[in-house]
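Since the structure comes first, as structure tokens, the remarks are kept for the end.
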Amino acid sequence: MEYQNILEEIHDALKNVPDKGTVPSYIPELEKISPDRLGLYLLTWNKEEYGTGDFDIPFSIQSISKVLSLAKALNFTGADLWKRVDVEPSGNPFNFLSLLELEKGIPRNPFINAGAIVVSDILLSHLEDPKRDFLNYIRELAEDDSITYNESVARSEKATGFRNAAAANLLKSFGNMNNKVDDVLDFYYYQCSLSMTCKQLARTFYMFTNSGKNATGKTFLTPSQAKRINAIMLTCGFYDEAGEFAFEVGLPGKSGVGGGIVAIHPEKYCMVTWSPGLNEKGNSLLGMKALEMFTTKTGLSIF
Amino acid sequence: MEYQNILEEIHDALKNVPDKGTVPSYIPELEKISPDRLGLYLLTWNKEEYGTGDFDIPFSIQSISKVLSLAKALNFTGADLWKRVDVEPSGNPFNFLSLLELEKGIPRNPFINAGAIVVSDILLSHLEDPKRDFLNYIRELAEDDSITYNESVARSEKATGFRNAAAANLLKSFGNMNNKVDDVLDFYYYQCSLSMTCKQLARTFYMFTNSGKNATGKTFLTPSQAKRINAIMLTCGFYDEAGEFAFEVGLPGKSGVGGGIVAIHPEKYCMVTWSPGLNEKGNSLLGMKALEMFTTKTGLSIF
Amino acid sequence: MEYQNILEEIHDALKNVPDKGTVPSYIPELEKISPDRLGLYLLTWNKEEYGTGDFDIPFSIQSISKVLSLAKALNFTGADLWKRVDVEPSGNPFNFLSLLELEKGIPRNPFINAGAIVVSDILLSHLEDPKRDFLNYIRELAEDDSITYNESVARSEKATGFRNAAAANLLKSFGNMNNKVDDVLDFYYYQCSLSMTCKQLARTFYMFTNSGKNATGKTFLTPSQAKRINAIMLTCGFYDEAGEFAFEVGLPGKSGVGGGIVAIHPEKYCMVTWSPGLNEKGNSLLGMKALEMFTTKTGLSIF
Amino acid sequence: MEYQNILEEIHDALKNVPDKGTVPSYIPELEKISPDRLGLYLLTWNKEEYGTGDFDIPFSIQSISKVLSLAKALNFTGADLWKRVDVEPSGNPFNFLSLLELEKGIPRNPFINAGAIVVSDILLSHLEDPKRDFLNYIRELAEDDSITYNESVARSEKATGFRNAAAANLLKSFGNMNNKVDDVLDFYYYQCSLSMTCKQLARTFYMFTNSGKNATGKTFLTPSQAKRINAIMLTCGFYDEAGEFAFEVGLPGKSGVGGGIVAIHPEKYCMVTWSPGLNEKGNSLLGMKALEMFTTKTGLSIF
């Protein structure tokens, strides 16, 4: 069966299910999005592109940005980054601050908030104009200069992000932050506020299917770095549901509370889904289902 | 034996011991104090006063202020305060944020930092001019208008107080803070920076030996409130060493990292010690010993 | 008002309240007891005795026995006991094994199960015939040879005591148990199964009001040991409600899931209550109320 | 380069390194093994076989058996098994009992001890003669009737396995164990005591590279079950080093304290290493290095 047909079949099967999950209420800007949105986009290794539904509507990529800031930070620090952030799954959703405290300020991995905040701190130390330069990096990866931050999302998240502020202060207390708490959080929220479509995300993440080179063939990561980020996506990409996603879908991936999910099959394809309703673990309910259906129908999984 | 002799005996026995504990280095203003300082002051229920050593030199009362802010807050809220702070020992020094997280933002008791920060939030909501009014409250309790804040201590602690900032943000994230995080922390550090002598502290805490009335006979707490604060001092007054203090000394009390300790024997006396070197649990090393010697020599304990 | 009148007033006020708490269902033998039972007994320092209600009916003393086994173990080890058990409140009801694990097998205090199991291990190493000798010790304290174990309670608790078996094995894994796990648990359950009346308990605990001497004047503890056990009862006697009990009642005490509570006012009195219904923290609901009423009516508290 | 050459190159590079890790002392039978042992064995999907060093010497497979007992249990329960065991990484090596307690007796995954004990309980409920039948299952998978349990290893581990006994009792207390604690532990230790060579293990695990069929083509798992067990090996196969192994090696795998490691590349190969010295996380030091070298040299990883 052709990919386009498979995407449309999945879209048809899911667009009318009654339970579409819950749009999170704690970020006012996100709450306004209709839970009926559903976009699917597939970019294969040989650059064929397929899309159905709302794949061309921008949404807030949120935690998906953590993969991109990690990739950029590795350009500056190389493997030294792993002295400040570990690569182990967190496993403990209900007391993340406790873990950070017990492990003396070394976040479990770069995809929990505390870890991503350390990565933001690194970028802040190395980028000349952090917000501008990081945006340019994304635009170059995606070959698309229309990508922007959503500043009102960034501001509304910062105004209510007390748990992140707690984590950032705890990191600072352990000496794992070089810049000012407030500056780091400010930059962190900007990254999370990136507004992108499924299509733009697929192009941006193409480098992870292609050993570190984007679709134009330009190198952004070494092959080894790209593999390792894929490994971390597999073990840590879905909060407390990483094991479940590996188990049901069998691909490296990363989700965001904006309802997006990116999944990578190295040297095969990059698939992006968007549906704003979340399951109880904070991952897009229909997105998870769509990816599970896709790997079942195509028989393509890394396992 | 007379009280004055007992105090002098204790002072003589301790002033030359080689191990005087460690003056904490994380608060620059405190680090400057000589570890050789040792002051003892006793104020009996019938208002006899005895002192030896450095009892007339002001020091930073730090966490001892938590008892006084609690007493003042009860004037405004009565027992409603206990909906926002519990009265149980914390028992877990190494992961205090974890406990706060697991218990959904209700601090274990008003004498751990998180609990005292909630109390500061309450005072901030009720006092017209919080810093001025709280200082006047202390001055009135002690009948001494020379008591002041040490603003440079307050500022230096705030500038490096990342763990308290983490706790405050966590409280805010759980909805257990009505004012702004920054305002609450600012007021909290002012309270901790109160600079007082052993003698002034003894007079201030006299109300806890006297069912809520200070030495002039003015009522500041109901007898029941005074008793209950004594109970909390006994179970929670010494961080992770509360059980040890109850076990060795057998009195309600409260310590501060400035090296002060206040101990209460209801309807008998209030005793204050000051020695800046701390033991590994953060309580004044010589102060703990002095109080243990005092209750052993006098046979006076509540048990 | 006379003590007898006060006891009767309290009994009258409580015997018909609709909510008498919940008789625990996990110990079959205890579940059979009527929740309407209510006994109060007061033994003053000068040996006056007062009682109302079911003060002469035996019940399972359960965790109250932990105070007595501790007292006996101190006879053998003296202060060395405190190398194997700490004296700090536990503060963490929901993950007691976690604390034991984090603190490398040193129980927080002798009144949590893990601590009492260590105390049982000590007695097992020192008593010639542990069950017989411990029973004789209790009988001598109470001057009453009719006291016995309830063996069917001991057996039924052992058969279902998987959490205690988990704690005991964890202690063994940390090297804090000298005898066999099974032998220690067997003896531990026997101690808990002691069947005693309010009156017998008051006589047994008289030594804690009387500096270590029982009513016949025979010495069972040094004055210092008696004081210290009182201190531990105050800080640790009521599981996660120790702070609450100190706050509301203001006396050292110890409760058991059989519905009994013993409270001590040094050199004043020993009061025992029994009512089988428990509150959500596992302490006798009416017993807690009776003691609160008693200290309020008499104005007698240690604070 | 040919596989045989690669294996020999790795063997040569590692056999004389000075730091070979530490042979664990807590299992007397294992302590006797020489740390100089090093065996490598590769079985490709198309059934080519390559080996160097001590690949034909039997060793105690220990936790590697957890994968095999899980595979067998799925035959009986299908997906119902996942109601009693989760599939998430544990992430928390220092307080595994705490996690089990907080998560109410549902082990994080089938490869931590608590999870494997639940799997043993399932097998005990379904196998007619558990020890005999499980051994026959392994022999059939490997096509090798010479495989046996090492009963003295089983007995010595059971005699000192107090932490496992703690976990088992905790599981029982939460109702997640149907058989007797002692019977389950007895069977669990037998499984762990299986004595196998690298070559035998490679043949036994061939089914995970081959969608559930062993080398004779007989089906032991559905393709979906095989994939999912691979996913769990990747996220949970190396205790607290699962992320590190995914990151450095990039394959599903499972290690045991006997020094063995099995790694799976679906539809490519199964590789087994054995070297008894462990790193600080409890995984074979040289085995980890050998696998890292192998995937680097061959460029074969799932990412």
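When the chains are written out, they are named A, B, C and D in that same order, and each has its own residue count from 1.
Please note the rule applied: a residue touches a chain if its C-beta (ideal position, glycine included) is under 8 Å from a C-beta of that chain, and two chains touch if they have at least 3 such contacts.
Note that the structure is a prediction, hence the values are computed from the model and not measured.
Engineer: From the C-alpha centres, identify the chain that is farthest from chain C.
Structural biologist: Result for max centroid distance from chain C is chain A.
Engineer: What is the distance in Å between the mean C-alpha positions of chain A and chain D?
Structural biologist: Roughly 32 Å separates the two chain centres.
Engineer: Quick one: chain A and chain B, Cα centre-to-centre, how many Å?
Structural biologist: 47
Engineer: For chain A versus chain C, what separation do you get between their C-alpha means, in angstrom?
Structural biologist: Computed value for the inter-centroid distance: 55 Å.
Engineer: Among the residues of chain D, which ones contact at least 2 other chains?
Structural biologist: Answer for chain D, listing residues that touch two or more other chains: 94, 102.
Engineer: Can you give me every chain pair that touches, using the contact definition above?
Structural biologist: According to the stated criterion, the contacting chain pairs are A-B, A-D, B-C, C-D.
Engineer: Which residues, counting only chain D, touch chain A once they are in their complex?
Structural biologist: That would be residues 86-92, 94, 99, 102, 108-109, 226-228, 230-232, 234-236, 240-244, 246-247, 250, 252, 266, 301-303 of chain D.
Engineer: Residue numbers of chain D touching chain C in their complex, please.
Structural biologist: Within the complex, chain D contacts chain C at residues 94-98, 101-102, 162-163, 165-167, 169-170, 172-173, 181.
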